[in-house]
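Next come two complexes built around subunit A: one with subunit B, the other with subunit C.
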Partner chain A sequence: MRSKQLGTIGYYGLLIILALICLGPIILMLTTSLKLKTQIFDDSFSFFFMPTLTNYVAVFQDERLGRDLSNSLIVGLVSTVITLTLGCMAAYALVRFRFMGRDAVSITTLLLRMVPPAVLVVPVFMIWTYDLSLTNTLTGVIIIYVALNLPFVIWILQSFIEQVPPALEEAARMDGANPFQVFFLVVLPLIRPGLAAAAIFTFRIAWNEFILALVLTNRVTRTIPVKVSLFITEHNIEWGQIMAIGTLIAIPPLVFTFVASKQIITGLTAGAVKG
Partner chain B sequence: MERAPRGRVGASPAATFHIDPGRTDTFVRGDRSVAQIVLQEIVKQYGSLTVIDHLNLTMEDNEFTVLVGPSGCGKSTTLRMVAGLEDVTEGEIFIDGKAVTHLDPKDRDVAMVFQDYALYPHMNVARNMSFALRLAHYPKAEIDKRVREVAGTLGIEDLLHRKPRELSGGQRQRVAMGRALVRDASTFLFDEPLSNLDAKLRTQMRAELALMRQRLNKNMIYVTHDQVEAMTLGDRIVVMHEGYIQQQGSPEELFKRPANKFVAGFIGSPAMNFLDGQVSEEGGHPMVKGAGFSFRLPETRREALAGRGNPKVTVGIRPSVFVPAEEGADAVNLIRLPALVSEYIGAHSVLIADCGGTQVTVEIDSETPIAVGQELSFTIDPGTIHLFDTESEESI
Partner chain C sequence: MSVRRKANRSTPYLFLLPAALVMALGLLYPVLRSAWLSFHDWKLGTPPDAAVFTGWENYIFLLEDPKVLESTLVTLTFAFSVVALEVVIGVALALLLERPIRGMTVFRTIFILPMMIAPIVVGLIWRYMYSEQFGILNQMLKAIGLGGVPWLSSPDMALISVIIADVWQWTPFIFILAMAALQSLPSSALEAARIDGATPLQTVFYIKIPLMMPVIIVATLLRLIDAFKVLEVIFIMTYGGPGLSTEILSLHIYKTAFVSQQLGRASALSNLLLMIVLCLSIALFVFNKVREGQAQRTR
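Presenting the complex of A and B:
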């Protein structure tokens, strides 16, 4: 009995430590964003200080913030929609259709995911600039984000599609559905949890990605992560403002995740076929 | 209600139709009535494995055909080829005189009930049932009317707004049937629809299916491995084994005149007893004898037995033909069997008895349970004895 109590205490202790590791940087970001520069560089640490919104006011006074924010939203949402649309169809084909090289394609999609974006920077910049003239456009950023996210989305959706009983698709075919109707009316509603998980993943990557966006955008098309880096200048590092904008840009992915995670429910195919 | 004509039995149904030279897509039967579903020289291969080998089958207009056989006999594959869910390697399929071999399922005007229900889990019962009609752009009022009508006949009106996961197995099966019925298709296909239900529910649904098939005059093909379902539902039963049709005909024909040992053993419950025997001539009568038995055969058998060189045969006796004998009855067709196991089921008993070292099943009416070890005497009507060739297993 005693050892069981100790075990419970140890278990919760571990959870608290893990929670602190996760929350620590966020708390630090939040408190720093509410401090003045002098307070930030004050060596004596204190939990209690007079919060100020000075940093937020300074961030909001920048008239380019709205444009950068909308760039990020456009890039994030459009690349998510395109990735999911292409990804679910590709995953369906890989799961359900028998064709030559199917397994090879299935594995190579995941291999592509293992290439770090930093490796892609130079070749992508060259191709986007000299072959496609896509640098400094949102289209160029969207395309590379779609390419970056597609392998993982295909991979994750494959496992969801495999769980849809083939008998359901046969029933739909017997009911007079063409292949597109089978896919959109029967398969797609049943892989909603997979689409939601993939959407969260895709949007978060596209929203946060820095290095490719830095190289591929200019002052008009730059996204929020690039904007943050501009607070580091040769004279100064505006920690307060960096933390303020950091807090702000954490909000849209949070909202997106909460909305999308409502779709992640289990047992969607319950009752379809005899288990 | 007028019943569809019972199917004629024929060794090769392909012989009963010919192709009209003017129209390659239409079959005209010898009696000028158009067969509704014709499978002609169907071959199905998976790679080098042949699962159906040159199958010919003709189903009459509005006939309830049951494909029955053990698992792996090709019955479900045959059904799925008619549905259009499986490609046909060779041969042609005609429905309503129209060649449908290479048509999509949606263009064949067939509805199907699946073994494991296959209900759309994200739609409620009403939407499950109306899915096909919605795809075909029926007016909403018409869809509602049809769904309500069919739900009424199936007793599921109260469930229309439930999701499949909120239904019991029996209710799901009804919805699956309802989904096929609202379509008013020319042909209905059933792929072992009752095999996932418990015994009591299965009996009840079987009775309802029998009622339904009388009400609907449609082509129906029903696949099952349960010979009781086949016997009770079918106008025509097609017994399949290892990709070949063993025999087809009415339930009565299959039960009384099985074409071979496989059909004889498969149709009828409890299964037919098989004993090794030898035919001979004794006192001017054809006889069959074996370990523990000696039966006089009817004179009508003489001709069939005459041309055979080999006297060895397999004797088939149904458990239900054993008649308890009075002491001192005709000694020739008398058989004495010590009971090994007795299963008392109330109205009748099923005995397992020993006949010269072979176990035989005997079904008798019984008021009182029978003690194990008790020796019982039975007589057997010679006309009910089946004989099969020991090698070809064909009926003699």
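Presenting the complex of A and C:
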């Protein structure tokens, strides 16, 4: 009996240590963003300090930060909406129809999902600059983020659409609905959980992405991750201010995680468990 | 009736077309364009028309340049180390902590936080923690009477430090997958082992791990593919340094293109990275097909 109790204590003890390892660095970022410069460089460890918003006030004094944030928000939201719309239509076609080229499309999509963004940097820069004149526009960033996210979204929505009973669609068709009505009015409402998971992943990738944004944007259109990288290459690193921006970048994904951890875990594990 | 059948035949293409167009423009065409570019000499800032066809020159350069070799070695060391560590630690923790308890959802939510925040922010946090004078890691070492470690400034240590940061971020992924796999193990096998008097350790090594193997293999391949994509965390933490000690291929591509301004060579490098990832993807794909086949036979 006693050893069982000890086991339980050890069990929770290990879980709590792991949770602290995961959370510690994130909390450190948050607390640093609330510290004054002198407190950050004070090498005696201090857990207790007076939080101050000085760093946040300082970073927002730069008017460009507001624009960078709104660029990120626009890019994130617009690319999420477009990716989801195009993605669920494509996934529906792949699940519910038998047509020529279906397997080819499906395999190509799977393989395209694996392409590293670093591989795309050079050719996309070239095409966007010289063929399409899309560099330094938000549209250009949005298009590449939609392309980058589509394979994953198509693939994850397929498994949700497979679960919709075909009888429902059949009934709607009997009532005279055309394929697009069947899709938008019958299928879409039923796969809302899948759409939520897909939306979170797409927004997160678009919001967090750095290297393509670095190459494809300028001072006016840059997104917030690019802004941070400019801070860090300066010689005198203002850690308080950097951590304030870091916290701003981290907030939306963290909020999503707390609100929809179930959908996120579905999205993360879908690939490996079901195959 | 004939009208309707005609509509039916084009319907799937109409549904597919918009997504296919965007993927063709943003993924497929760039990959092909990169293949074309890798046979040309093109400097940044000049129009593509100025690119000169140079045949295999860029690829020969790849083979001869010691920097490329070193960067490839760094990439392989990084990718295989992080994945090995993550799989071993993640699976071990899952086996230790497997037990349905209240509050597990809360812990699971906390464990996925490191994967959700931007890689660039992960890079920032770890660069800050690794700081030699005021970083929390050296402060803790000093507090227990040990000397500071040159986390990011020594070439030997920098790659290890970068690996630690990735292990911090991605071990939870393996842990959560392994947990899910454990929970879906057939209870009959575990029951049989118990009746036969298997010790817990025997159950782990002879029953649980073999049954989890398919999930472990898929997770390993997925993580390997991702490990070859890593760029931002290292960009912020070390920018490839000191020297070339953390210069992974993706970062080397970026620098070749936008620092050295050799876009043709950068494309050849891109194709090298793409080939590695493509091989891994095909391995994953084939493995999944075999697995599906087996599942259907047993059913």
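By our rule, the second predicted complex is superposed on the first by the 237 of 275 C-alpha atoms of A that agree within 3 Å, B and C clash if a C-alpha of one lies under 4 Å from a C-alpha of the other, contacts with A are read in each partner's own complex, and residues count from 1 in each chain.
Going forward, contacts are C-beta pairs under 8 Å (C-beta built on N, C-alpha and C of every residue); 3 or more make two chains touch, one makes a residue touch a chain.
Here the structure is a predicted model, which is why all the values come from computation and not from measurement.
Visitor: Going by the contact rule set out at the top, does A:173 touch subunit B (first), subunit C (second), both, or neither?
Guide: Only subunit B is touched by A:173; subunit C is not.
Visitor: Who wins on subunit A residues touched, subunit B or subunit C?
Guide: For subunit A, the partner with the higher number of touched residues is C.
Visitor: By the touch definition at the top of the document, which applies to A:269: first (subunit B), second (subunit C), both, or neither?
Guide: both
Visitor: By the touch definition at the top of the document, which applies to A:51: first (subunit B), second (subunit C), both, or neither?
Guide: neither
Visitor: With the two structures laid over each other on chain A, which partner does A:165 touch: subunit B (first), subunit C (second), both, or neither?
Guide: Once the two structures are laid over each other on A, A:165 reaches subunit B alone.
Visitor: Would you sort A:186 into first (subunit B), second (subunit C), both or neither based on which partner it touches?
Guide: First partner only.
Visitor: State whether A:108 touches subunit B only (first), subunit C only (second), both chains, or neither.
Guide: A:108 sits against subunit C, while subunit B stays out of touch.
Visitor: For A:90, using the defined touch cut-off, is the partner it touches subunit B, subunit C, both, or neither? Pick first, second, both or neither.
Guide: Touch status of A:90: second partner only.
Visitor: After overlaying the two complexes on chain A, where does the subunit B footprint on subunit A coincide with the subunit C footprint?
Guide: 178, 268-269, 271-273
Visitor: Taking the touch rule as given, give the residues of subunit A at its contact with subunit C in the complex, in rising order.
Guide: Residues of subunit A touching subunit C: 11, 14-15, 18-19, 21-23, 25-26, 28-29, 32, 40-43, 45, 85-87, 89-90, 92-94, 96-97, 99, 102, 105, 107-112, 114-127, 130, 143-144, 146-148, 150-151, 154, 178-179, 183, 204, 207-208, 210-211, 215, 225, 228-229, 232, 239, 242-243, 246, 249-250, 253-254, 256-258, 261-262, 264-265, 268-269, 271-273, 275.
Visitor: What part of subunit C is in contact with subunit A in the complex they form?
Guide: Residue positions touching the partner: 7-9, 11-13, 15-16, 18-20, 22-23, 25-31, 33-34, 37, 47-48, 93, 96-97, 99, 101, 105, 107-121, 124-129, 133-134, 136, 139-140, 143, 168, 172-173, 176-177, 180-181, 184, 214-215, 218-219, 222, 225, 228-229, 231-232, 235-236, 249-251, 253-254, 257-258, 263, 266-267, 270-271, 273-274, 277-278, 280-281, 285, 288, 291-292, 295.
Visitor: Quick check: in the complex, which residue numbers of subunit B touch subunit A?
Guide: Within the complex, subunit B contacts subunit A at residues 83-85, 104-106, 110-112, 114-122, 131-132, 135-136, 163-167, 169, 172, 179, 183, 196.
Visitor: Applying the document's contact rule, which stretches of subunit A touch subunit B when the two form their complex?
Guide: So the residues of subunit A touching subunit B come out as 165, 167-168, 170-178, 181, 185-186, 189-190, 267-274.
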